[in-house]
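The structure that follows is given in the form of structure tokens.
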Amino acid sequence: MDLAVDDLLKFYYYLRLTRGLEDRVIKLYRQGKVLGGCYVGTGEEAISIGSACALEPDDVVAPSHRDLGVHLVKGVKPKEYMANYLGRRTGPTRGRDGNIHFGDLSHWIIGFISPMADGIPVATGAALAFKIRRESRIAVAYFGDGASSRGDFHEGLNLAAVLTLPILFICHNNQYAYSVPLSRQMAVQHVADRAKAYGFPTRIIDGNDILAVYEATKEAAARARSGGGPTFIECKTMRMRGHAEHDDASYVPRELLDEWRGRDPIQGFEGYLRERGVPEGRLKEVETQVFKEIEEAVEFAEKSPFPDGLEALEGVFAE
Amino acid sequence: MQKITYLEAIRQALWEEMDQDERVFLLGEDIGTYGGAFKITKGFLEKFGEDRVIDTPLSESGFVGAAIGAALMGMRPVVEMQFADFISCAFDQIVNMAAKYHYRLGDPVPLVIRAPYGGRLHAGPFHSQCPEAWFIHSPGLKVVAPSTPYDAKGLLKASIRDPNPVIYCEHKYLYRHAKGEVPAEDYVVPLGQSDVKREGTDITLITYGAMVEEGLQAADQMSEQGIEVELVDLCTLYPFETDTILASVKKTGKVLIVHEAPQVCGIGGEIAAIIAQEAFRHLDAPVMRLTAPHTPVPFSAPLEDYYLPNAVKIAAKLNELVSY
Amino acid sequence: MDLAVDDLLKFYYYLRLTRGLEDRVIKLYRQGKVLGGCYVGTGEEAISIGSACALEPDDVVAPSHRDLGVHLVKGVKPKEYMANYLGRRTGPTRGRDGNIHFGDLSHWIIGFISPMADGIPVATGAALAFKIRRESRIAVAYFGDGASSRGDFHEGLNLAAVLTLPILFICHNNQYAYSVPLSRQMAVQHVADRAKAYGFPTRIIDGNDILAVYEATKEAAARARSGGGPTFIECKTMRMRGHAEHDDASYVPRELLDEWRGRDPIQGFEGYLRERGVPEGRLKEVETQVFKEIEEAVEFAEKSPFPDGLEALEGVFAE
Amino acid sequence: MQKITYLEAIRQALWEEMDQDERVFLLGEDIGTYGGAFKITKGFLEKFGEDRVIDTPLSESGFVGAAIGAALMGMRPVVEMQFADFISCAFDQIVNMAAKYHYRLGDPVPLVIRAPYGGRLHAGPFHSQCPEAWFIHSPGLKVVAPSTPYDAKGLLKASIRDPNPVIYCEHKYLYRHAKGEVPAEDYVVPLGQSDVKREGTDITLITYGAMVEEGLQAADQMSEQGIEVELVDLCTLYPFETDTILASVKKTGKVLIVHEAPQVCGIGGEIAAIIAQEAFRHLDAPVMRLTAPHTPVPFSAPLEDYYLPNAVKIAAKLNELVSY
């Protein structure tokens, strides 16, 4: 598959932007400016970005808590992300929910909620709506290896299979559910082995190779769009930091992290871009651009007002 | 006007809403070919087709979650729980996903979950439960519980047209036992309004669902003794309306609240607390409650009869209030 | 596998007893003497009985609603069953729960409850207790094809697999979940295809062949007992009546029923007994014995007192 | 006596019960190697081994169901919900399997589910909820909510020794903020008893959990104005004890009930209803409630601060009662 340099630079831009924003949020967290939990997807950016870039604008996504890249590709602005982390009125939840617990249907993003795997049946229902209305849109549900142990994973994937719905199930297999390694989560080798239970195609790919993710998503999306039903894509990756920033992840073997540090999706992609002969200048441009956007985002967020207490009472019901 | 059953009223509401709004569709177990465990959707598959009348696998959390997703995409799903008892299998999707979505993100979740609930059919602990209080206590949900065919049809239409998740509690005993007049033309009974089903001056009786008919019978008995009971049917359990209740209490000074759900943390306690706070000076007697005891719903006839409130027990309580 | 004639006659006895009791309950239901629902396992008796006969007395079972045979083999008396159906104080639930919604830990039977598949994690927990206490007991969970669509199936089987617990999962695949045929429940051919997701052995057997069920259970039980972990056994069968007696099952194709009527587990086993040269007399003996027990059971139940209303208040909590 | 945190008190109760009763074992997410999201079970795996400290897959319904099965086999499982918010994922197993088992079949289900609950940590709608009312309303469950290290340890030991399913609500804010004296020797705080945390003659303040400390602070402020507040800590939310409450109300004639859970169908309404019925003649003012509003728990500090009751708001309500 031969992508134009501009497409590749778009990937690069989102990879850098995602990594940069999350590194910045970690700083803010350490400075005590972030309340509540601090969740990042360091090392898993290629999964979110490669897949989201393979979708149409009106395809619907249900990202999980390691999918900042999906939000950005779908149109969420860095400043919105920052404002949400800082609990400001200018964030997508107006301070009602924290960190990456947000969504925005104007960008066709279904909001993430904490109970793992809950987004799977919900994304399935979005796909059902498209099928009923004969729209050529698809839905994509994102989740982790841990989430795949939940009943909602089983019920959601089965429903999608039985109704042949246009949906992709994209799993970040980062080898841990909080402190629990795969071996204590499942007695099979791959999360995809679980997905075989539903009767639609499953794939296992290198989640740190953005081109592989893009390609696999494109192919599965085409099938879903043409009535071919769901596809399960297991993206092998590694959670490179703690479950959240409070967690030093001392339970993860050093060697494992070292091995995967050598497989960083951004460094790897940079290497590829150089091979493709993309001039350094273009890469630098992206980095400067990203840096600028991040600082603007932080400034915007920090300058943004907090909501008034009274706003807590608003909007329980739609009118 | 046509005189129809509560079941037929629900059927008509579903049929008419599906007929006039193609965003409305049905999800549930055995609702298609079979027409539903209570035959409410009989003929719907033939009329509206497989895309809008969907027999799901046995997976409440899965299809409630799917209904939420479809609602977010602008559809108007109506989910049938085969029995309200199984709504607990979808509890997380309802209270965490559906209930909190609009508050957090501002997007409406127009979803109706039909919950066939209640006892008196000797169906035992798992086919007789009253789940309403769990959902009343969960911010972001509306809860409805009609007592007559007229209300059943009008409230279901209002629920389907409402942009929020609504738990529609339909009482299984009333399906075939409640008959009443229902206009042929389109109408709704707005959510959030209670309804005085009987006017009276001496005691206010507050209830809903299958206990309304029991309350009316008790009221007639009392009337023979010259005691006029005013019966307020809550109709919507959340957001419930207090003006009618308080006005009635201020008139009568005595209150009995009746429901079939267990007492502790039921809606009865909530209403009693509100009355005790808002109408304190107007009370001539303590606010009394008559509910099911704090046990599962037993199966065998003598046990369930003992368990459930009924006209006789209501009349006895009303007499207590009289002689207070 | 060569079973002694007495063992075979024991199978025959339980087959006849189960069929006879359920036929009798149907009669009572038609006479309006049974309140609530009336669920039978006609045509599926070999699954319950063949498997239960392969267990040790202190193995624990979690039967489903088509498993009267399991109750009987484990020691529940016909009169207890009848008394429960008729809501009498002398039934195992003292009238608190109906039909086959009962259990009895004195026979190591975990009580069935309506929400399908709930018994699966519970039986898994019984197996966990055995593992923790180093007991050589096993647990057996029974359920239908429909139940296997529920999250609790997924969560229970996975937990059993990860912890290598001594448990068997025995599925009555009777091809329908109420009115819903397999094709609308799952997009795979066998329920066992689902169970492959968990990483332990699965088997597919003829559920109408009691010897096949017995053999498969024995073999899996031995493995579980010796620390080999769970086994999934899918028993192919057919629900020969309505979901419950109110249901005429007109949605089931006649031909399908006719085909399976020719494969009745009891007739089939009778044929086998005759081949084995078991004298007619012995069979007749069993039938008379069974007939007697059933009538005694009905008489006992009908003569038994109903509970007093006041008893409804007792026993919410254990002291 | 040792002065320890609420968290340490819970840790000690678990440790001691596991040490003296080998039937006791732990199930939950990240409780082994990691020692639990709040580090309550740190060191347990090393001491008690893999068989009794079990890291489960992410499947609340599965491991709660498994705990029920183990309990039926005579074990004494203690399940840790990583956050109370996820208890909704196991709701069906809790209310249908565990709660109804003894009533139906007479076999005990000695099971404790630890639910780290409550707000004030700016953890948002899914890490701050108060689930207690759902379970209080479900017959067959006991519900406990300690406010001090002493109660936390004694009530957890009592819960583990109780033959019934107990939802043990441990307030996350108190983990490190509540410190207090706890005897070194073994003791229990029996379930079903409320505790007068402060004696007073003028107003009865009824609450539990994190609101007890807030209530005590408010009471001290009132005391400076010469108003003596009696604070009743419910301790056990079901079965709750009313004698202490009613005795206090009869003494003071004025009542404020405070809790962090949403108001509608919360325990506050139940207690208010009971008081309004049982102590009707003794009330000099309406029974008042101060609770969270009927919304999800918001994340941002100003919103959550507005949402939660606290000493200042309690004092204001108490003043309303004074001047009634």
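As written, the chain order gives the labels A, B, C and D, with residue 1 at the start of each chain.
The working rule: a residue touches a chain if its C-beta (ideal position, glycine included) is under 8 Å from a C-beta of that chain, and two chains touch if they have at least 3 such contacts.
Because the structure is predicted, anything quoted here is derived from the model rather than measured.
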item	value
Centroid comparison with chain C (C-alpha atoms), farthest chain	A
Separation of mean Cα positions, chain C and chain A [Å, integer]	45
Separation of chain B from chain C, taking each centre as the mean of its C-alpha atoms, in whole Å	36
Cα-centroid distance, chain A relative to chain B, in whole angstrom	41
Junction residues of chain A - those touching two or more other chains	93, 96-97, 101, 113-115, 149-152, 154-155, 158, 162, 184-186, 316
Sequence positions of chain B contacting 2 or more other chains	57, 59, 61-62, 85-86, 88-89, 92, 96, 100, 103-104, 125-126, 139-140, 294-296
Arrangement of touching chains [line / ring / star / complete / other]	complete
Chain C-facing residues of chain B, complex	29-30, 32-34, 37, 55, 57-62, 83, 85-86, 88-89, 121-127, 293-296, 298-307
Parts of chain A lying in touch with chain B, wherever the complex brings them together	60, 62, 92-93, 96-97, 101-105, 110-111, 113-115, 118, 120-132, 139, 151-152, 154-156, 158-159, 162-163, 315-319
Interface residues, chain A side, partner chain C - complex	149-155, 158, 161-162, 164, 184-188, 193-200
Touching residues (chain side chain D, partner chain B) in the complex	85-86, 88-89, 91-92, 95-96, 99-100, 103-104, 125-126, 133-134, 136-140, 238, 261-270, 272-278, 280, 283, 285-289, 294-296
Contact footprint of chain D on chain A as seen in their complex	35-37, 87-88, 93, 95-98, 101, 113-117, 146-147, 149-151, 177-180, 184-186, 251, 306-313, 316
